[in-house]
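Please go over the structures that come below.
Each of the next two complexes has subunit A plus one other chain: subunit B in the first, subunit C in the second.
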Partner chain A sequence: MSGSLVVGLRRLGALLRKEFLLLLRDPRMRFFVVVPPLIQLIIFGYAATFDVRHADIGLVDQAASRESRSLVAAIHGTGHCRLQRHADMAAAEAALARGRIRAIVRFAPDFDRTRRLQIVVDGTDSNSAQVILGQLNRALQQAAATQPPRIELVERNWFNPNLEDRWYFIPGIMANVVLIATLILTAMSVVRERELGTLERLMVTPLGRLEFVIGKLLPVALIGLFDVLLIMVIATLWFEIPFRGSFPALLVGSLLYLLSSLGIGLLISTYTRTQQQAMLLAFFVIMPLVILSGFAFPIANMPRAVQWLTWLDPLRYYLVVVRDLFLKGSGLFDHGFEYAMMTLLGLASMGLSMLRMR
Partner chain B sequence: MAEAASRPAAEAVITATDLVRRFGDFTAVDHVHVSVAPGEVFGLLGANGAGKTTTIRMLCGLLPPTAGHIRLAEVDMVRHPRRARGRLGYVTQHFALYAELSVRENLALQAGLYGLSPARARERIAWALQHLDLEHLADHKARALPLGHRRRLDLAAALLHEPHILFLDEPTSGVDPLARQQFWELIYALAAAGIAILITTHYMDEATYCDRLALMHAGRIIAEGSPDDLLARPLPTPLLEVRGEGCAACSRWLADWPEVLEIIPHAGYLRLRLRPGTDPQAVIRRLPEEAARRGQRVEAAEPVAPDLEDVFVTLLEQDASP
Partner chain C sequence: MNLQHVRAMARKEWWHLLRDPRSLALMLLMPTMLLFLFGYAIRLDISQAPVAALDLSRSAESRQLLARFDASHAFALVRAHDSRRALRQAIQHGEVWGALIVPQDYARRLQEGRARVQLLLDGVDANTARLVRNYALLVLQALGEEQGDVPALVIRDRVYYNETRESRLAIVPGVIALLMAVIGALMTSLTIAREMELGNLVMLRTTPLTRGEFLFGKLVPYFVLGMLDLVVATAAAVWVFDVPLRGSLPGLVGVSAVFLLVVMLQGALISILAGNQLLASQISLVQTFLPAFLLSGFVFAIENMPVVLQYVTYLVPARYYVTLSKAIFLKGLTPLALWGVTLPLLLMLLILVLMVRRRARKLGLLP
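Let's look at the complex of A and B:
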């Protein structure tokens, strides 16, 4: 019936108009849409890295020979560390225990004869310890190689030639920021109306459930897309990360991702009565979504049972899409599986929410 | 003991039969019948928790009944809730429009939600602004309105789509007496235009403004009828009014009299409810002597007609101790 369609669109239009008016008029909302995503991006962009730069290394050179000095110069020459000299091991160990240095390189008095040197690394941060050990190892091996090697290895790192952690992390941060912003906004915008009693007033009108859901979600989806574009501009212009893929693919991927993040937000709103409850529940949901997504810890390293769980995480699929788009330069049709899974999760969470809404 | 509706059910626009709502083990509404005719003002009275709001929420389609039937303007609310909703207006206990939108924007939203065409919406909004005296406030944010005006905005928003039925859940609570008076004049005007009105209230004086009343207690309607019918019921507990200088002091010893059931102090006089079967004349004779013995003065003591509150208190007592 076209008549009822017109009336339905009228209802939807009225609801959308109200949503946008309230959104634009609320200074907290305007703030929430722009500032937290920017701050998260800038802070994480600088903080989220496994690279070890400028590590403080303690040096105990009891040999003080020509050879030990040349090795020290080689370590210094990598530019990855700052050397601190200590008179003996006791002083160096105390510095390590206090966290002033992260490793000790020791040349014993008989170094020239034994040709053995000692490296002690602070293992509390196991990842950094391995990175520092690797850096020192490489520097010392190169300096000690007196004869030309018989096989020369030529290394190439594809897609990220300098192995910049930031190139890997920033697309992931984009996915996280969009998830956090849209999921919380959706849950809050429904629960706020429940708290104020305005939801009940909406429910006595002939407004249908689907019209209500569309009216609530469309504005948040637009905000999500706005955040995607904002972050993309900063990632490429400020952090100088290449965007090699197709822009339409970014739009399609983001829309499908939003379908599931909005669906989860809506589902949260059906389980909560107050904005505080919604906020708390949202955080309980967001944490595992981030950890299981492969954002920081590779899914392949997780136990099998946990890997199955990651199938339910829409962030997992969107991460693949954005990382490939930024670094590998994939196209619109390269991520059918990810698109399908995000659509599935989106429809499932929306459907469940609609059922729960009465 | 609900009495038969005083009007034939055939012309009623609100008909609810055998309405039941349970929340777990708790029965909030227990086999309630409601029928309201066009142009009738029907008052639902009762303490908090008596089941008034639950009843209204079911009638509006916000809460599915556990059992029972609801027909609103010839539409089955349980089966076709969306169609039925288009025929009712609902003003909630608390302001439920958007504080950050202006009066006009709030009205435009409601007009849109009821699917009014843009031209019709403009016409109805202009009517509502004028009729409810909100024109000068049209561009003010709802947040900035005084409570009485906010209630009027609430009412205006519920009238845009010309409903056949209006539900008002304590629409005047917290509103000053003058604004309450104006609000009731509006309600009468709407009833005169043929709208069926179901209203809940705490205020007894407002109850007398209704055409018909139902008193709810513990989920059931324990009495129903016009205010005059209810007042005309013979009360088992005789009422006395006692006047005198410093007669408030009398209540100290009056409370010990076995004949006195309850003392209701007012400014300058006392109202006594006597136990069923007491001869009021005997009490009237004893009163001045007793007062004089204690150095107090009773100028007048006489039987008075009950008001609605007396009737309801008695009905509630009878219901509590069958």
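Let's look at the complex of A and C:
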């Protein structure tokens, strides 16, 4: 018994060595393990923001009174707006249509008497439209108010006091990068053997099914862990995002998450024969996993039926774990439910693919 | 270029596609799935935000205040927590997005005209926190005015091109760009890399097929598929998602064809450089899909990005296409009116043709 175990481990070792060599021999593949995750991290870190810090605003000031000028100064004072003056509404609307400006603020000639003013925003970017409306509203009302409002709102933002979008997105990128890299690698490296005909060659060796699977998955899992650490280091050192939680919890969560992402990759490989199919199917699966995870778009806003679907998404649970670890400072034992769900999904997909690989 | 050779190559590629119904099904299903996912699952607006309410004042005034929040579609107040400690826990565990605390002296201070309400927000999702805060301000402003605050300004706002303020309208035209980027780049990058990886190219070297004919023949079937996807996506956008097509259909088809060619040539270039499918697919994902998603202005506005990154977006073809698609659908403009956006796309097409021609030497086929 122990003899066969030793033999089994030796075989496994041989396959592992082959897999590692295959993955890392090609300099382009070495590049692939490091560079795409980095590019994703950096682009996301800088590009993904819903907040509006620079908006071009058209101004039509037909009142040209002291009052309107002081309000214009208030808009300027937010520091988020670059103002462009337009002689009349038609000119401003043309600029809006061409995308030169995002919004128009208009003071009618009778502004001083009516105290009415009009704001038009470009609805083709609905998020910016909302944010700009909110900002302009707040700045204008505050500047115009002669006395403090009857009911004042005192607000405090926990975990992310300055409401930095980056703090929200970057832990999420970790989850995305690991998913994309490991799922595709798993699916394609198994299918590749099939497409190139080397799987048949492996079948005549004494290598067992389980050994084959472990030999395929372990290197990919290690690459996944490497990506987690790489992103963790850059997130904390370069983007200066606090990591307040427990590091062991990150390891446990990542391992369980990898279990499910490798499992899904393996499952995809059992449904496909060529790398092209595998890639397509992987993409077909990754997109919903990402969108339904709450990575950029909160789950609570989705229709009820779609919300039910998100329960099947391992990314959803991992996102909760990493965000809480980074920002809320949770501990090793705070995420029992998420751990359990990821384990469940991982075991289910692994088990199913083992059955199908027979 | 011998048309017969091209036709033979294209026919072979068609057979290849048709013989692999799984890939074909995925290519045809993918756009529909993406469209439905984005169209239905993504709401950038909030409604029924779970916010815990803690009423320390327990007065008629405070109850009226909370009733106002209940009445607003933006909030779904949760009254299950009886201490600040419990609130903190609920926010920490993500059960609620924030907490509204009405202090003990609320009623008295409201009489004096200087009441305060505290809003604690879970700042992790910064965008949601901002939206919740804005809605809370609106509720308080309306209530204040009812109680005698004289509004300093009457602001009337309008959202052009999307009067009903549905994020769906703004998102769906952008999704079409995403679809085309995926279908175009992913498909072509895999198909050429496949021939290189399996060694079929070596066999083709003995035939009179030239590089141009090979590439052309390879791309034609995928171009047809991509345009088919465009038709399906546009039909779904108009009839299922009620996105108005205010501009011209021929204009949309025209710029879409140019964009599709651009991303397909990008895919071809990537596959020639990569030489194997795994690498080609990864690069095309990072090179085309991610930029189309992130750097195109599809959901994240370009002007909010750091200046360096804004310059990078000029190299992303999807940037121009997203602008055009939104403008044609929602603003009713023509590609000619937006020549400043159309021209760069055409220029990219030209440059890519030249680059692919240069790099195609590596294929080892006749010139």
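Here is the rule we use: the second predicted complex is superposed on the first by the 352 of 358 C-alpha atoms of A that agree within 3 Å, B and C clash if a C-alpha of one lies under 4 Å from a C-alpha of the other, contacts with A are read in each partner's own complex, and residues count from 1 in each chain.
To be clear about the criterion, contacts are C-beta pairs under 8 Å (C-beta built on N, C-alpha and C of every residue); 3 or more make two chains touch, one makes a residue touch a chain.
This structure is a prediction, so every number in the text was calculated from the model and none was measured.
Q: Which term applies to subunit B and subunit C once both are placed on subunit A by superposition, clash or fit?
A: fit
Q: Quick check on the superposed pair: does A:R11 touch subunit B, subunit C, both, or neither? Answer first, second, both or neither.
A: Touch status of A:R11: first partner only.
Q: Applying the document's definition of touch, where does A:V204 land relative to subunit B and subunit C: first, second, both, or neither?
A: First partner only, subunit B.
Q: Output check: A:L344 vs subunit B and subunit C. Expected answer is one of first, second, both, neither. What do you get?
A: In the superposition, A:L344 touches no partner, neither subunit B nor subunit C.
Q: Does subunit A have more residues touched by subunit B or by subunit C?
A: With both complexes superposed on chain A, more residues of subunit A are touched by C.
Q: Which partner does A:V34 reach: the first (subunit B), the second (subunit C), both, or neither?
A: Touch partners of A:V34: none, neither subunit B nor subunit C.
Q: Is A:L21 touching anything from subunit B or subunit C once the two structures are fitted on A? First, second, both or neither.
A: Touch partner of A:L21: subunit B, not subunit C.
Q: Taking CA centres, what is the subunit B/subunit A/subunit C angle in steps of 10 degrees?
A: One gets 90 degrees for this angle.
Q: Minimum Cα separation, subunit B versus subunit C, post-superposition (Å)?
A: 12
Q: If you lay the two complexes on top of each other, which residues of subunit A touch subunit B in one and subunit C in the other?
A: 26, 196
Q: Spell out the part of subunit A that touches subunit B in their complex, as residue ranges.
A: Residue list for subunit A touching subunit B: 7-8, 10-11, 13-15, 17-18, 21-22, 25-26, 196-198, 200-208, 358.
Q: Which stretch or stretches of subunit C touch subunit A in the complex?
A: Those residues of subunit C that touch subunit A are 20, 22-23, 26-27, 29-30, 33-34, 37-38, 40-50, 65, 91-92, 94, 97, 110, 113-131, 133-134, 136-137, 140-141, 143-144, 147-149, 151-163, 165-167, 169-171, 173, 182, 186, 190-191, 194, 198, 274, 277-279, 281-283, 285-286, 290-291, 294-295, 297, 299-301, 303-306, 309, 323, 326-327, 330-331, 333, 337-338.
Q: Please name which positions on subunit B make contact with subunit A in the complex.
A: Those residues of subunit B that touch subunit A are 60-62, 64, 82-83, 85-86, 88, 90, 92, 94-98, 100-101, 105, 108-117.
Q: State the interface residues of subunit A toward subunit C in the complex, per the touch definition above.
A: Per the stated touch rule, the residues are 26, 28-29, 32, 36, 39-40, 43-44, 46-56, 71, 93, 96-99, 102, 114-131, 133-134, 136-138, 140-141, 144-146, 148-161, 163-165, 167-168, 180, 184-185, 188-189, 192, 195-196, 271-277, 279-281, 283-284, 287-288, 291-292, 296-298, 300-303, 306, 320, 323-324, 327-328.
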